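Once you scroll down, you'll see the structures, which are given as structure tokens.
Here chain A shows up in two complexes: once beside chain B, once beside chain C.
Our next item is the complex of A and B:
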């Protein structure tokens, strides 16, 4: 008796719908085991992770604040992945966007520059992120170099460049030698939505990005092209769609969104440029994109869920001394289960009995 | 002269983890499987390897722990990518994300601890020969093992029947399956070999390179190893050249920082990563006539029954 995988005649709609839920369920079961191994009460830990952050206003705002960059980056990545272009360097594009936008903030610091500063920062950050993403895209299209490896290498380069700036030319002279720029002026800061709260304008921008992506994918020819090139490359070629153009386009768009997310994070919740502005948003966004099934609305929900794990992880660390790395393990396991469950949309398991097959063959 | 010898020694040391991880990945890719999780397998190997050595006081046990950890990680990959026919790129990324988290969890208790690093070979007379003595006869066991491993892999791939079958799986899994070879089983072994090598490569870092563990100490070496496999055109011989070249770039930028060349250290640190991008571009360009990659690399295979 043997368990084998075989292709379904057609994709299963039911499993497509419930697979993210099954994946989340399986992840939670695995986490219970992990908490038990770590010697923590699993029920209390789960409560700290998933329930406690939902019960107070501050944490709810903080979830939206964390979800903002995740959703923006993941929307861009989903376009790439739909078109079968593998941008995994969003973290680098996020950092370069943050650096480019901060350049205006640093240069206008202490001057009487007006309300144009923030919009200019946002535009420059998006442009810089897009240009940075175009490096691997062009290397891929022109020279056939693996975009996976080049986009990832550029993450390290961006990280080092940011480090150089805040330790060198941009360091705050009154910052006690800490590697950080001075706090941005009010005109260079993303406005808050609630006075005295944490929620900022970025959340609205993220929602607009989700809506724009939903319209692009559902209502336009370009969106159709993206989906066809990824799902059926041969058919797309016969249809006259140029896969190369879409690699360039989707990389540029995802780079722009990652760059925008970067400057919003710096000019919003952080308030200045410093190393470590991202707890791995660019990589977590990959999980968000897949958990959201590469669908804009799904990504919005998935982004909020993963933001919850960041906040829950922090609270569990404070309340129960659970290491922060547990959050990363959780996110990794979640991605595995999501991918595994997605596989069952196209395939199913069947038990085969080899002996009987042999008997039939000899008859 | 002393300086030249010191530089060659440090280049060999810096190249060894790249060579080990890339050799394993080369075998995996030759069987048609693209495992992008090398970085994740390495970092878990580093954490478990250090844990093993610290707990038992034995570098050898530490190395075994690293190998075992890398193999376990690769089995998760095999289960997903081969057993469940999941996209290999996505699975590899997931493996790296999981590995970074797991290594932090395992290694957290060992940060700040030190061990005695792996001993270097010492043969009276030979090791003392000026210039070449320490380079040839004064390395740690990992360095010699990595070279022996590449030779063994070359011999296996090109001189044995099993190696021929493994390459056949990588070039045309449908034909290999039709001939009756168990494609998925062969690929599982290839993936496990890749995991074992990556785990050992990771363990080398805290066991021999620096005698302590820090989170994220692989610093992208797993990704550079992946690039090296492309650089080598999937051939073991060129892999050695590539690994030592990259080791040399890493060491030279470190020395340049020490010599106080007027370039900020961050720019020098970025060199190995930039070099990887440039090499990938140049090589891919030179090969525009036809790809040397295994033809079935990264494609899903579900056997018909």
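Our next item is the complex of A and C:
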């Protein structure tokens, strides 16, 4: 008896839906083993991670707040990945967006600037994110440089640039020397959706982005171009679509969305620019994109799920002294299983019994 | 070894004579999922015989020889070699036992020399110099001239095949498998190959000769085994059959004859190529040189030639996948289009069918409706203000399905799930339904079953009758003879002057395919340049 992996005639629609769930299941099994090795009660740990955050209103809002940047970034990344353009640097585009938007907030601080400030911050952040993402895109198209490397390296450039600004020119003079800008003025702050709560306008923007991406990919010729260029490059060229143009376009869009997420995070939940505004949103969004199967609605669900792991990880740390890094381990294992389970869409397992068949063949 | 040879006496079939077959399979079965590529195939290969293996694409010929050569493990059944049951661990064991194979697709390194390529295929126990000497000797003995020091990329397809044959012969095989060896050869090169095969046969070696060229098989082979749908249909003596009776066994029925409408008239020039020259896009690609022809409405121009003589490059230049600096080199419907993109050329009324169905003509993992959109988005009312009209794309699928008898499991499956013939009918149908003024099609029936091939050739003829200009590139001379009005030959990136189909004999075309009749013209160009 042997187990063979064989190709399906057509991709399985059922498995395409189920495979992320299988991946989540396998991840949880692995985590149970990991918790046991750490000497923690696995059931209590799973409860702290996945159930407790869903039981109170504050945590639910917090999940939506964390999911907002994840979903926005992941939607942009999914466009890149569908078009076979590998943007790994969303974290950097997020930070540059935050910096560019904050520039307006810092310059208008204490003035009587009107309601134009926040919209201007959003636009500038998106533009800056897009421009920053265009650096690896243009290097790829013009010089054939690997966008994976260049986009990743630019993350560190952005990180250090932000660090320089808040320790130097933009440091709050009344901030006791902490590396941070002053609190943004109300006109430079993303409005809350619930008075006294945490949920802010960014959540609505994220939903609009999901809807726009669903229409783009499902209904428009541009979305079709993106999908063909990634799925069958030679056929795409035969169809008259230019892969280079789409590398530029998808990088620009995903950079803009990451930049927008960056300024919304700074002008929303954080309220000022400081180092460490992102717990790795730009990288976690890669997992969100794949867990959501590069599908906008899938990404929405996956974004909420990974936000849950962030909140659950904090709760598990407080309640059970489980290190916060376990959350990152969890996310890494999840990505591993998601990619592994994807092969089940095109292949299936089958048990074969060669001996019996030989017996039949020779009578 | 001797003791093992007696083993056959105990098998149910036994042996009718004292000698045993070199190789025998009993109930050989290969299963891929639910699909039986080979279903209980029994075959006997005798020494000193050329045994033809006939069948349409997908009949299971390749699967059978791969199992015999140890490339795949059969799911069930037995293989006996010299009377001994063997389970081959891989091709190297097959080779060490005396089974050689020459593949249809060569496995040669372009940047290495002939001798280096041969050395890579051997076990490396002898020194390179000894091996080179033996290579020269084998190639001389069998009349397969080769210069061991030349790099492969400089060689013609026929010469490359010689390397593969010599490489196989250097292991002194008792049994040689050849997979469609003449598919890439000119008629004259084929004749030379047959002389070599006759000689190998006279030395007592066995040959398994895969082909679907029936006249060739009748001429050359002693025995023929015919496969259809993974099963053995018949083993017969091809010399006692007619080409038609062999074809019936392969196809399992009569093949519809393709008929040209009487009184086809040619009209205005719809596709004109003026002195088109283009540097190769990739290393070792072919440089197109001074190609000119004029194709009128109502006319089918065939382009013959051995693969790799610039046909792919010409297709790319005509389709607009590669652009030319000079707009006047390609004129579509009277408009200079050399600099226009493939989409703009489609808008002028041109349509294109590339050789490769999956990955070039279609995106394999996308639905047929999306693949209809792939070439229809520019000019077929499938897109309104950037939004896709899904109903329109599905309608194209339905119309192609109906008009060209495309068989599929559901209304709108993925392209990759269709059989080669049905997918090709869809692709050709997709383009013809756009009512093109010019259709450029490359290898329209390559790897397609006989029924689908007839449908496609008829469709091309009907399109020409309706007034379109049709350019067909094909390696199949019979196909061109059947549908083309004029035939030109590509060689080394140049195109011969077209011959009227009535004058284009196999001999003439064969000489052009070998480049011989082009020499004076080439010289003239050199003087002119």
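Criterion: the second predicted complex is superposed on the first by the 342 of 363 C-alpha atoms of A that agree within 3 Å, B and C clash if a C-alpha of one lies under 4 Å from a C-alpha of the other, contacts with A are read in each partner's own complex, and residues count from 1 in each chain.
The rule we apply is simple: a contact is a pair of C-beta atoms (placed from the backbone, for glycine too) under 8 Å apart; a residue touches a chain by one contact, two chains touch by 3 or more.
In this text, all values refer to a predicted model and were calculated from it rather than measured experimentally.
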item: Chain C versus chain B, contacts on chain A by residue; value: B
item: Contacts of A:336 with chain B and chain C, given as first, second, both or neither; value: first
item: Contacts of A:10 with chain B and chain C, given as first, second, both or neither; value: second
item: Partner chain in contact with A:240 - chain B first, chain C second, else both or neither; value: second
item: Partner chain(s) touched by A:163 [first = chain B, second = chain C, both, neither]; value: first
item: Partner chain in contact with A:110 - chain B first, chain C second, else both or neither; value: neither
item: Touching partner for A:232 - first (chain B), second (chain C), both, neither; value: second
item: Touching partner for A:139 - first (chain B), second (chain C), both, neither; value: first
item: Touching partner for A:222 - first (chain B), second (chain C), both, neither; value: second
item: Which of chain B and chain C A:196 touches, first, second, both or neither; value: neither
item: Doubly contacted residues of chain A, that is, touched by chain B and again by chain C; value: 6-7, 352, 357
item: Partner chain B, residues of chain A touching it in the complex; value: 4-7, 86, 88, 135, 139, 142-146, 148-150, 152-154, 156-157, 160-161, 163-164, 167-168, 283, 286-287, 290, 323-333, 335-336, 339-340, 342-344, 346-347, 352, 357
item: Residues of chain C that touch chain A when the two form their complex; value: 26-27, 29, 31-33, 40, 75-78, 319-321, 341-343, 346, 352, 354, 356, 359-366, 370, 373-375, 377-378, 383, 386-388, 413-414, 416-417
item: Chain B residues within the chain A interface of the complex; value: 36, 76, 80, 83-87, 89-91, 93-95, 97-102, 104-105, 108, 219-220, 223, 226-227, 230, 264, 266-267, 269-270, 273-274, 276-277, 280-285, 287-288, 291, 302-303, 305
item: Complex interface listing, chain A residues touching chain C; value: 6-11, 219-222, 224, 227-228, 231-232, 234-240, 350, 352, 354, 357-358, 360-362
